[in-house]
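I'd like to ask some things about the structure below.
By letter and in written order, the chains are A, B, C and D; residue numbering begins at 1 in each of them.
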Amino acid sequence: MMKLKPAEPDFVEMVKEKIGGNYFSIHIGINIHRIDVGEIEATIDLQGHHLQQMGYVHGGVTATFADVVSGFAAFTLAKRGQGIVTADLRVSYLNPGIGTKLYGKGWVIKAGSRMHFCEAEIWTIDENGKRTDVAKSSSTMVVV
Amino acid sequence: MMKLKPAEPDFVEMVKEKIGGNYFSIHIGINIHRIDVGEIEATIDLQGHHLQQMGYVHGGVTATFADVVSGFAAFTLAKRGQGIVTADLRVSYLNPGIGTKLYGKGWVIKAGSRMHFCEAEIWTIDENGKRTDVAKSSSTMVVV
Amino acid sequence: MMKLKPAEPDFVEMVKEKIGGNYFSIHIGINIHRIDVGEIEATIDLQGHHLQQMGYVHGGVTATFADVVSGFAAFTLAKRGQGIVTADLRVSYLNPGIGTKLYGKGWVIKAGSRMHFCEAEIWTIDENGKRTDVAKSSSTMVVV
Amino acid sequence: MMKLKPAEPDFVEMVKEKIGGNYFSIHIGINIHRIDVGEIEATIDLQGHHLQQMGYVHGGVTATFADVVSGFAAFTLAKRGQGIVTADLRVSYLNPGIGTKLYGKGWVIKAGSRMHFCEAEIWTIDENGKRTDVAKSSSTMVVV
């Protein structure tokens, strides 16, 4: 694991401010709980509109969640005025998402001056505390 | 291009019925306009909640759209009682999505008895009729 | 399809020169037959060492072939002194590769100043002239 | 991390036997050093023919290595008579591969009856013992 350094000391505030303008992220109900250098954790309280026809979390919710936690993980490394856009996102759907809450974590696996490689995990926890991995993603994020 | 054959003569009705239960797909406003064997076309009327902080279509909307048109393209080949789940999805973000309507097309590039490989294109058309490619995706869909 | 323009008029010679130093590409026997703006076609004469345990073309040969035709397709757009490196490569294995010759085509689907998105197809042709798609790939290529 | 169980008690011998017929894997010099349930470690002694024009390990070598360690990691879970084929392989190229030896590790992140999801890491270690990550991959492997 490489040691990551934020470009700005107030990167936590920068992320919080950016989230306020991320309308789709708010629309689907992503709540960010932890903002660390190169790492973001969040949850979604699952509702009926997050599901597909079999009653599982829709793959689009999972992909969006992976994209958001990865993109913001990359954004913790940004200089003021820089933005992060996704060049490429890949999601492996490991298990059906079943439950009332979806957990997500995104992190930077390799930081660069022009692009960052990120990964994300999406999972559920049942009433007995058992974690089920719903998806794993990898992405290429570009600094703009 | 391989010649694809539907397993059921009423595959168009099967798709329409399935869409009714795809809550997240409805929630983000995906309208399917064309249902052919192994091929689906759809649009999204873009609203404020579909955007990210720069005013472009959110990558999660694009990924969801790609997943939906690809998954239903695969579903046109399903036997009654079979379902389609996404095993993995990759989205390449080619250009920012700017405009009032998002167009999407998904198709099967290789059909199999247990899995289908699909691709999708997402694009916009400006007021002069100029098309801009927003994303290209490839996916592995599993028959369940 | 976007209209692509080469940065240098002698891009064909630039590609040919570059190939001479691509030792692994030579080692596995990739022969480039066509060099166009943003597009490359090549073949590999298949030998025993290209195969895996079931007698099919090894997935690594296919991935290497996809990477090479895509990377050189991107390189046709390079300015003198620039290089192209692969940021990420995805290969979907559509059908087993069986035969005496592997065909490959790589092309740029979206060119940029800092990165190019490419795709590639790998296929075989049997003694009756029937084409079988072996793989489809998409990749993100970075200008360095 | 899910607990994995081999289907056959002699899975180590099954892997060793299978490797003997993997001609391309032998051709590029992959040496498997560790065979555990759902996990494989291997090395390649780098030679001139493994390189591309800048003197770095060719992306095709890295992709092949990732495919082989992932595929054999999946194969440790196979029943006698079953084979593993790659449906989809995605490689993120994190840093240039420079050195005399390439290290690779592949593992199963989710096992299933019909498909396995795998990941792989490829890295180098310099003369001071410093590890550099060259690539990370994810793949979908199908049981046949």
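Operating definition for what follows: a contact is a pair of C-beta atoms (placed from the backbone, for glycine too) under 8 Å apart; a residue touches a chain by one contact, two chains touch by 3 or more.
Remember, it's a predicted structure, so these values are computed and weren't measured experimentally.
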item: Those chains which touch subunit D and also touch subunit C; value: A, B
item: B-D against A-D, pair bridged by the larger set of C-beta contacts; value: A-D
item: Length of the line joining the C-alpha centres of subunit B and subunit D, rounded to whole Å; value: 33
item: Distance between the centres, which are taken as Cα means, of subunit D and subunit A, whole angstrom; value: 28
item: Shared interface positions of subunit A, touching two or more other chains; value: 87-88, 90, 92, 138, 140
item: Footprint of subunit B on subunit D - complex, ascending; value: 87-88, 90, 114-115, 138, 140, 142
item: Sites on subunit A touched by subunit B in the complex; value: 18, 21-28, 48-54, 58-61, 63-65, 67-68, 71, 83, 85-93, 96
item: Footprint of subunit A on subunit D - complex, ascending; value: 2, 90, 92, 94-95, 109-110, 117, 119, 133, 136, 138, 140
